[in-house]
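Please find the structures below.
In the two assemblies presented below, chain A is common to both, partnered first by chain B and then by chain C.
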Partner chain A sequence: MTDAVSGVPAPRRFEPLFSRRYTLEIRQQMAWPQQAAVLALAVVAGLLISGAILVAAGVPAGELFQEFVVATVFDAQSLQAVLFQGAPMIMVGLAAAIAFRARYWNLGLEGQMIWGAIGATALSVYDVGPPGLRLLLMFGVALVCGLLWSLLPALLRLRWGVNEIIATLMLNYVAGNFLLHLLYGAWKDPASAFPHSPAFQPFERLPELLGPSGAALGIALVAMLGVWWLVNLSRAGLYLRFVQASPPVAHAVGVPVTRMVLVAVLLSGALAGVAGFLVTSGQEGRLTQAFYHGYGFSGILIAFLARNHPIAATVVALLIATLFVAGRSLQVFYQIPFSMVQLIQAIVVICVASSDFFIRHRLRRVLPS
Partner chain B sequence: MTPALTLRDIRKSFDGFLALDNAHIAVRWGEVHALLGENGAGKSSLMNIAAGLYKPEAGELLVNHNPVRFNGPRDAAREHIGMVHQHFKLVRPFTVAQNILLSLPEPAEPLSYRQRLAEVARRVQAQAAALGFAIDPQARIDQLSIAEQQRVEILKVLLAGARILILDEPTAVLTDQEAASLLTTVRALAREGAAVVLVTHKMADVKAYADRVTVMRGGRTVASVDPAETPVAELVRLTVGEGVDDGAVAAPRRAGDRGAPMLTVRELALGARGGHRPLDGVNLTVHAGEIYGIAGVGGNGQGELAAAIMGLSRGFEGELRLQAVNLLSVSPARRRHLGMAAIPADRYSHALAGALSIAENFGIGLVHAGRYGFSLWLRKRRMDAETRDAVAAFDVQGVRSVAQKAALLSGGNAQKLVLAREFSKQPRLVLAHSPSRGLDVRAGAEVHARLRAARDAGAAVLLISEDLDEVLRLADRVGVMARGRIVAEFEQPADRQAIGQAMTHHD
Partner chain C sequence: MELIGHWIGSIPDFAVPYALAALGLILTERAGVLSLGAEGFMLIGALAAIGAQLAFGATAVSLVLAMLAASAASVLFAIMVVWLRMHQVIAGLVMVFFCQGLSSLLGSVLGWTNMPVTSQGAVALWPLSELPVVGRLFVQNPVVFLTPFIFLAVVVFLQRSGAGLKLRAVGENPQAADAAGIPVETYRFLAVVAGAALVGLAGAYISLLSTKLWIAGMTGGRGWIAVALVIFARWSPWKALAGALLFGCIEALIPQLAAAGVKLPQYFVLMTPYVVTLGVMVWVAMGRQRGADAQPGALGEPYVREERR
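Showing the complex of A and B:
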């Protein structure tokens, strides 16, 4: 301290590393390029850790880059698979993001997907509507079914304060078991007696549009633009930002908080319902037992990594889809279990979540006085 | 009697606001020393310095004539100073014994946790018996009443070795019987030789229980007297001051200038009958073109009244009308549409979203009316342009861009932003709750000028403030709030002493 006063710099003494002291300070605001750099660093750290685990599991270190980047992105067939996987991922990512923006933790994406798919398949099973309009009807019914399934926990929360985390999560099991009830009973495929629905008619499948996944991807991109418009350009988006920033302030300044939460939740359910339609009609061509597995978790993860931003969510969804596809080829070529993909996802998420700490805090060396 | 604790010429400021200037107090062993003053007079700040929580910028602290310097409450505890805060610092799911154990230093001899807990429980019971009450050391804090929790706090500081005991507004949360019992206990402690500082604003407690009283006003010590020889009127005069006319007082309007009744409150109540009632039948009328000021000691229902008018919570009974519309049955959005503007006491809980931009915080006021587009389209450019105009018109400083976060504004400028938004439409009713609290003099004066301008434009203004000077300077009529009702009403020019009496001397 005396040095600082007299203006004479203290000679630098060597200090052992472990005796240095640091303090944590709260950082008010970080410029966004710095934030992006911190996030990128976190993703790189996560990938490095994941790479080390994969190497330990028997993938040659030299092949990692080949498998993950070259073979998936630069191979036309693999790229096709990524996009194929990507469309429903984008939908669930958007669905989670919009609900999270209203501070509503919708963990019921899978249930809403299931109901969307059940609604769409019902039209096929009971042959409803003219063939020319069938696909459009299936889309609409899937949307409405997903929306209605999300309405129940939303009303419970808004009317009686029932925690939506529990309600939406548990309703997934209700939806999943009802799906099994249908597939083992009324909707069992008579052709094979397997527990899945009869195959859709060709006019009930998403048409090829610039490749097999073009139509699904198109729907996902339109949804992305719609959500982006809503959160950034509309008055509802301003209301939603207030609800997200502080519900008491929003209420006091006259934002219709309840209505905004309801709008966000129903939109979330509708998007998830459409995701269910995209998987059944676009990928499987019938209603199957496990078509929804993993989407709920992935949707939450995508929204989290993208900070609930719709365009970022789309990019992250495609990256996660890449991971899925690469994981599948690892499974084939190196006998790496598929759960390794989930492990990688989890590691990356933990790294990104931890990086938040460095955005909000600053580590400062305490100089000995 | 020898001095136990002396604070001399203490100065302390917060964000440039001088909270304490030339404050002093001398407490002797064996006495109950009351520290009297209005809200914001600096009582708690001074005592927080004595307890080691704040560091003074100037002045000295003496314990038994020895100068001391505290770097934290532990240093103060080493000098046997203990403070019981207004808001208890207890871990609710823990038992009494566990809470007290937490605050004690490590014992010299190694004991197991269980042994230490048993030891503490024994000492708790012994100390409680010595003070004349019983307490179960195994009871969980959340099962205890407020009065019992307060006893735990007192036991906590005593068992930590405190001989100089500071109690910050201890009777504010107690019923009369509980308060009487507490103050009897406090007297007993002093009789045994301890020094007790009783921070309070209640004249009756001072008269009945204190050996000496130090009066503070505006961060200064104004007097130190013997309460037995000083009449209540004199204590009130010392507390609220002479109210020197500073020339800024606008001529209050006479009854003849008043417009029609705008806000009508009839028998407004909150809480269960027979139980604690934060609002217990409030009656008042605010006319167009007048400022109605509510004076009173904080915590007498002012916050609940403001919440009722703003629509922050539910459960109110009675009548609250804006002209013909019953406000209790309509949403905050509807109230704003009807012409209500509100400047709440806590900006970041009820007025501004700190994480959002200045433009968003300004625009949210007019956006409902469709000025900035309809639900699917936001006219952002227009909103930004009008925000820039309003920021300039209301002299909000420190705005580099209207896209910057509102949280980065200083208190005074954040308040000006609230005013800019609330007055962007011509309001018919303005609720202002402690609108200049925490602001410097200049910003406070600007806020006052805006409120007067709103009144002159024909709005009904309801000003709720714990600062009597603010009320007297602004209000055309003054109501005094105590125990959830308006206990007295005064036409301006009001008698400051009479208002002070009504605030502090009521039953």
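Showing the complex of A and C:
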């Protein structure tokens, strides 16, 4: 038995298991295939724990694979639903990733989504602009509204060092209450008196493009390419990498740190605003009370799992979308509350984040001398 | 006058959850662990209190079980940040999401959602309760009367005991504390667990003593407001108590204004605590020059003994 990494031969004499001593060492680096293996193990561990919880909650163990993989990915209708769900998910994932690259904890994705959706819906409610341009205008207004809602906490942080975690979260609650104010007041649907906005006109809905979710997915993929270009090829992306590594050092070598952070945060807010537009115009066809639930949280997790990489974020976002769709069918067929989806996401992230410890450290046996 | 009496009497109901949660956070953060999981531990405490009340029907037992439940949840957080040296912001956030999901799931699977409970009612502290105007301040449930003593106990522990000194040393400079032979990881672990117990008690207060039922996500950001309150109080328990009272005064004013017939747009009123929190954060940040050194020196930094700094 030889330790493959360090090449230290095992002691000749057998030691009882519990009298062996280990020390913790910092690992300088780990080859990427090993890193990938650790990561994969962590994801598998997270899914196994989640599966065990699902079985305990009453899903037959044999059906899990069927429900989650076969029924969602290999069924045309479910796959359509995944892509449908995936477009706004990709947008919030990209939004979180770009902000995190500037070391800015944008937890205000939901607030920015709400404002994007409010902006888009305002055009519909007040009938602004010619029908032919309506959709384009809604897109633009959603983008600007999301951007503006992210401006205040960004300025507070850059000017006075106000903690953006608290500021963006508080603004989510403010935006959520403003949404309810509109939906229970001026924007209540006169046709049904339910607290949601009147249904959009057909020309205010995202059109079909190679399938019902094509247009939304197209926007998301263009956004992905844009972010990829920005972070990997552009000068701003290079600057951002400096900022992410160390803001003081970046400043010392002449990177405009404040401007870079501001640009990243505003871009993040704009992407989240567009996500709000995609949900209202692409999925719901009207402004509803709870359309944004779960997106902020998922966006952060997507960015974390994808290590802030735009293409990886897109892949992870589609996986999370699969989880959402599967969660809905579990809700229908097994009466499992939808909060299960949130719990599963959290468990997977806990496992992945924990696995980082094994990438950065190693246990080494202390040999008796 | 009647209105002012009612207002003063309802302040503790709003202030006590903030105060207890902030105190728990101070205990944890003084040991150098940034605890963003408060919102989650509060939810766990709130759910456990209702569950225990439905099962046993004894308020004191339910409160203790709620504290234990929140502590149990915080063990996961402690393992992540103390043993696995995870980024404390990530660990805190994921803890909130985990507890939100778990509490909402358990609440509906176990059928505890929207089940009204009866719990210990108000107790009058005679003769103070007979005072004009402020009399209602002394007709409260026992936890309110207990809160100042909990604060006193924590302050005495932190400022006057050897263990408290060591805990603060661990939060200020873990390298030096370690060199002096203080078990850094043990202190941090216990600080997380003990702090979460108080945060759980705050959650239990909201569900068991205020609303008297459980709804998923019922804490509505109060855990985050407590996090902001700790920054506002510069990690000092008494200032946190004052801040909690301030928040309690503002929140308690809202129903009284409505009762007095002042017409206010409902959803703007509901925004108040969040807007006030944001305002307070800006105010603190603008005056950062004073008391900037009050923040524990190693707050948010995982302690890695093997790493030379």
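The rule we apply is simple: the second predicted complex is superposed on the first by the 358 of 369 C-alpha atoms of A that agree within 3 Å, B and C clash if a C-alpha of one lies under 4 Å from a C-alpha of the other, contacts with A are read in each partner's own complex, and residues count from 1 in each chain.
In this section, a contact is a pair of C-beta atoms (placed from the backbone, for glycine too) under 8 Å apart; a residue touches a chain by one contact, two chains touch by 3 or more.
Note that this is a predicted model, so its numbers are computed, not measured.
Please work out whether A:237 is in contact with chain B alone, chain C alone, both, or neither, and reply first, second, both or neither.
A:237: touches chain B, not chain C.
Which partner does A:343 reach: the first (chain B), the second (chain C), both, or neither?
Only chain C; A:343 stays clear of chain B.
Thinking of the overlay built on chain A, is A:48 touched by chain B (first), by chain C (second), by both, or by neither?
neither
Counting only touches as set out at the top, which of chain B and chain C does A:249 meet: first, second, both, neither?
In the superposition, A:249 touches chain B alone.
If you stack the two complexes on chain A, which partner ends up touching A:166: first (chain B), second (chain C), both, or neither?
In the superposition, A:166 touches chain C alone.
In this superposed model, does chain C or chain B come into contact with more residues of chain A?
C
Of the two partner chains, chain B (first) and chain C (second), which one does A:300 touch, if any: first, second, both, or neither?
A:300 sits against chain C, while chain B stays out of touch.
Is A:353 touching the first partner chain B, the second partner chain C, both, or neither of them?
After superposing on A, A:353 lies in contact with chain C but is clear of chain B.
Contact-wise, after the overlay, does A:57 reach chain B, chain C, both or neither (first, second, both, neither)?
The answer is second: A:57 touches chain C but not chain B.
If we count contacts the way the header does, which residues on chain A are in touch with chain C in the complex?
Going by the criterion above, the answer is residues 24-26, 57, 105, 107, 156, 160-163, 165-167, 169-171, 173-174, 177-178, 180-181, 184-185, 297, 300-301, 304, 337, 339-347, 349-350, 353-354, 356-357, 360.
Hey, which residues of chain C end up touching chain A in the complex?
Answer in residue numbers: 36, 76, 80, 84-87, 89-91, 93-94, 97-98, 100-102, 104-105, 108-109, 216, 220-221, 224-225, 227-228, 231, 265-268, 270-271, 274-275, 277-278, 281-282, 285-286, 288, 304, 306-307.
Within the complex, which stretch of chain A touches chain B?
Residues 28-29, 229-230, 233-238, 241-242, 245-246, 248-256 of chain A touch chain B in their complex.
So in the complex, which bits of chain B are touching chain A?
Of all residues in chain B, those touching chain A are 310-312, 331-333, 335-337, 342, 344, 348-356, 360, 363-365, 367-368, 372-378, 380, 405, 407-408.
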